[in-house]
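All chains are identified by letter, namely A, B, C and D, in their written order; residue positions are counted from 1 within each chain.
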Amino acid sequence: MIRVTVWNEYIHEKEMPEVVAAHPNGLHGTIAAALGEDAEFVVRTATLDDPECGLTEEVLRDTDVLFWWGHVGHDRVPDEVVERVYTHVMCGMGLVVVHSGHHSKIFRRLMGTPCNLGWHDDSRERVFVVNPAHPIAKGLPAHFEIPLEECYSEPFSIPEPQELVFLAWYNTGEVFRSGCCYRRGLGKIFYFQPGHETGNSFFVPEVRMIYRNAARWAFPDRRDEKLDCPWVAPLEQV
Amino acid sequence: MIRVTVWNEYIHEKEMPEVVAAHPNGLHGTIAAALGEDAEFVVRTATLDDPECGLTEEVLRDTDVLFWWGHVGHDRVPDEVVERVYTHVMCGMGLVVVHSGHHSKIFRRLMGTPCNLGWHDDSRERVFVVNPAHPIAKGLPAHFEIPLEECYSEPFSIPEPQELVFLAWYNTGEVFRSGCCYRRGLGKIFYFQPGHETGNSFFVPEVRMIYRNAARWAFPDRRDEKLDCPWVAPLEQV
Amino acid sequence: MIRVTVWNEYIHEKEMPEVVAAHPNGLHGTIAAALGEDAEFVVRTATLDDPECGLTEEVLRDTDVLFWWGHVGHDRVPDEVVERVYTHVMCGMGLVVVHSGHHSKIFRRLMGTPCNLGWHDDSRERVFVVNPAHPIAKGLPAHFEIPLEECYSEPFSIPEPQELVFLAWYNTGEVFRSGCCYRRGLGKIFYFQPGHETGNSFFVPEVRMIYRNAARWAFPDRRDEKLDCPWVAPLEQV
Amino acid sequence: MIRVTVWNEYIHEKEMPEVVAAHPNGLHGTIAAALGEDAEFVVRTATLDDPECGLTEEVLRDTDVLFWWGHVGHDRVPDEVVERVYTHVMCGMGLVVVHSGHHSKIFRRLMGTPCNLGWHDDSRERVFVVNPAHPIAKGLPAHFEIPLEECYSEPFSIPEPQELVFLAWYNTGEVFRSGCCYRRGLGKIFYFQPGHETGNSFFVPEVRMIYRNAARWAFPDRRDEKLDCPWVAPLEQV
């Protein structure tokens, strides 16, 4: 059993008719449904509308892997919530950052860089697997297509990924490191590019499979329940 | 010509007689002298006592590589100064973090982890070169000794180094990744363990040579003078 | 179920009385017993004495993870056997290289470097966990001791490890990257320093636990049964 | 002064009229001319036609950086020449592998993998800089185009690059890690995709600039003149 919390700012879905129509339960509901295709996952959701963004100490303690979708509301996530998530990542909680989450406070905090990139709307994206044996690529073909996705373009101002799993090709002439793995403290972090609020990425079977694979991969190998591991505790005389 | 600014909190030297005696011009003066052994370096210093910590926009623009020594005064460095240094690292300025600087705001900010470690006083340290061809190891023997240094012990809660140059052995039974290289944005970052306020590391010739090698290595390959490179500028539509 | 084949040159055990006494079933028997402490593993062994070193195509196809112990007999392993093992690693078979296996043909072949190191007999080794969340470190304390092991010393002429899990401290004054992870093709490779033919490493519980953890970690995420994956097949026009 | 030897199999230029026309002095002559645009380089060439492939011990000792272009003649390079080059890379000589050199004996030997890939003729390639501060990207724009190049496609069966500098986008729908850095022993290795025998890559100014940048980057930080460094010498008791 893997306990996933899907966090979503939940703004576009209330304002843009096409997003409402495509995601009647919000983008968090759509991601939760993709995970729910496998009974292994127990999924809950949380949004900006919830007290403390729905990410209380209690919720995070019960979360093995946190998914993060944000875009225009990054600044509305209080710093104390970001620090709480950061501490749980250090203590082993997995984190899957989707699409425009590249600019979230928590991702920038963990990377130590601004995580900027170039972008434009309306591309056809082809995702290539460059590390076929990686658990997140399990079951995937050599490459697959997303008919309509927002284009993200290099340079992507991240630290060199520890493992690069996917590369994106766009018919409009760009390329992007679209699947990047990091370890920070006891936690594993995966960034994945597809997942625009419009377009149809969320309904491409391979994308949904990748969300499930990523959740399995990011499941903690070791979790510090007491929040006092070396990635949290102050200096210690030995 | 390489323009180095050596930053030091400059606290111990005013309070501990033994440190005053060993470093009459402060630890910054001692590090500056080690760099000054080669005419290639133009060195200035800055401390907590200076307005804006001596790290104004103007000073940073004129700095190719910044050395950082801090210990008990980390919290006294204003966040806005940390952000200014961070921006210049993103734009190419090199950063050499010495010893207890592991816990400085700027190093933690760039690593995305707390950078904790274990420690105790009074060890004999032997530094091993594990990457002999690295520019920072230039001219060094396979290993060398520091008769008296503070012991730092694993686990060191940093991201996996992009290049590991040195490992430390301590006669008291510990081991440490004592020379670690990272790239963040356009800037290069080197962490080096030796450099305690007491002890004699600063006067070991190999340590002084490493400071000079590190300054040469961290010199920017590319510097963004306008502070608008992809590591700084906001999202851009392409 | 994880199918492990433990390969051992099986020379010292027939010639050195102390090794015979400590390892009545050979070093392969001792390693097999360490794995066998968990019912998850189905273990077989193979040695230089077997036809084709016991590593026929059929055996390798039925092997999820191969352990390798060799020392004075490296050159007696035929190149064609080495190539067969290499092909299976490319196709996903895991490989755990123990101690003096650092100089085996297969490890050097996969690393692309000579894998030299310094050494001397009779040290007390303390193994530090530098990546506590790595699956191979599961269940381990921050560090543990091996009362009597051969000392291996840096520089170890390997490519920079993709993940460094353990560092060794020796009471005789050396340090060593003692637990190193690599991916080559679809296969995962782990090098682990402890495991000298004399001494008592094999009977230290943490060492035995690491062998089991390593076998679990190296289990293929993807296995190419047809031996025609991109890591084996010739150039292909797309 | 950087002493470069450009090695080329020199087969197509004698058989294919279009290649003869474009490269009257052979591909080695064309690469040598690109390097020769900067007086810093002293360039010589060597081919399959020369005794010992022109890569005698004496030539390699006088070579700081070796360029390698091969395609249909890989198997005609004797193993002993490959081992000689390998030893010099271990001892610090730089190596720049161009285009179809991905399948050369020496590159495969150093990578420890088959270095396979997909391919087809006649693409328009756009090269993106993903690591703008890397010395090999010096002076380059964010991306540039090659009107006609052979397409190489992922998966490219190499070890994860230590530094990824360039990514290629092809108008025919593929993507490729086209600029990859490695360190092996004391030597630095750069693989660069553009450089097909037909097409016009060699005459694109940015490609020529990259050849020069790569030669500067691969210049040895440390060279072992005696060929007895830890990457060559046998086991040593310490």
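Miscellaneous remarks
In this text, a contact is a pair of C-beta atoms (placed from the backbone, for glycine too) under 8 Å apart; a residue touches a chain by one contact, two chains touch by 3 or more.
Note that this is a predicted model, so its numbers are computed, not measured.
Touching subunit B and subunit D together: A, C.
Two copies of one sequence, subunit C and subunit D, touch each other mainly through matching residues, since over half of the numbers at the interface are common to both.
Between subunit C and subunit D, the centres computed from C-alpha atoms are 33 Å apart.
Work out the mean CA point of subunit A and of subunit C, and you get 35 Å between them.
In subunit C, 131-132, 153, 155, 160, 162-163, 174, 183, 185, 230 are the positions where the chain touches two or more neighbouring chains simultaneously. Those residues of subunit A whose C-beta lies close enough to touch subunit B in the complex are 90, 103, 109-114, 116-120, 151, 153, 155, 157, 159-160, 162, 174, 182-185, 230-238. Against subunit C, in their complex, subunit A makes its touches with residues 92, 131-135, 137-138, 162-163, 183, 185-188, 220-222, 229-230.
In the complex of the two chains, the subunit D residues touching subunit A come out as 126, 128-132, 142-143, 153-156, 160, 163-164, 167-171, 173-175, 177.
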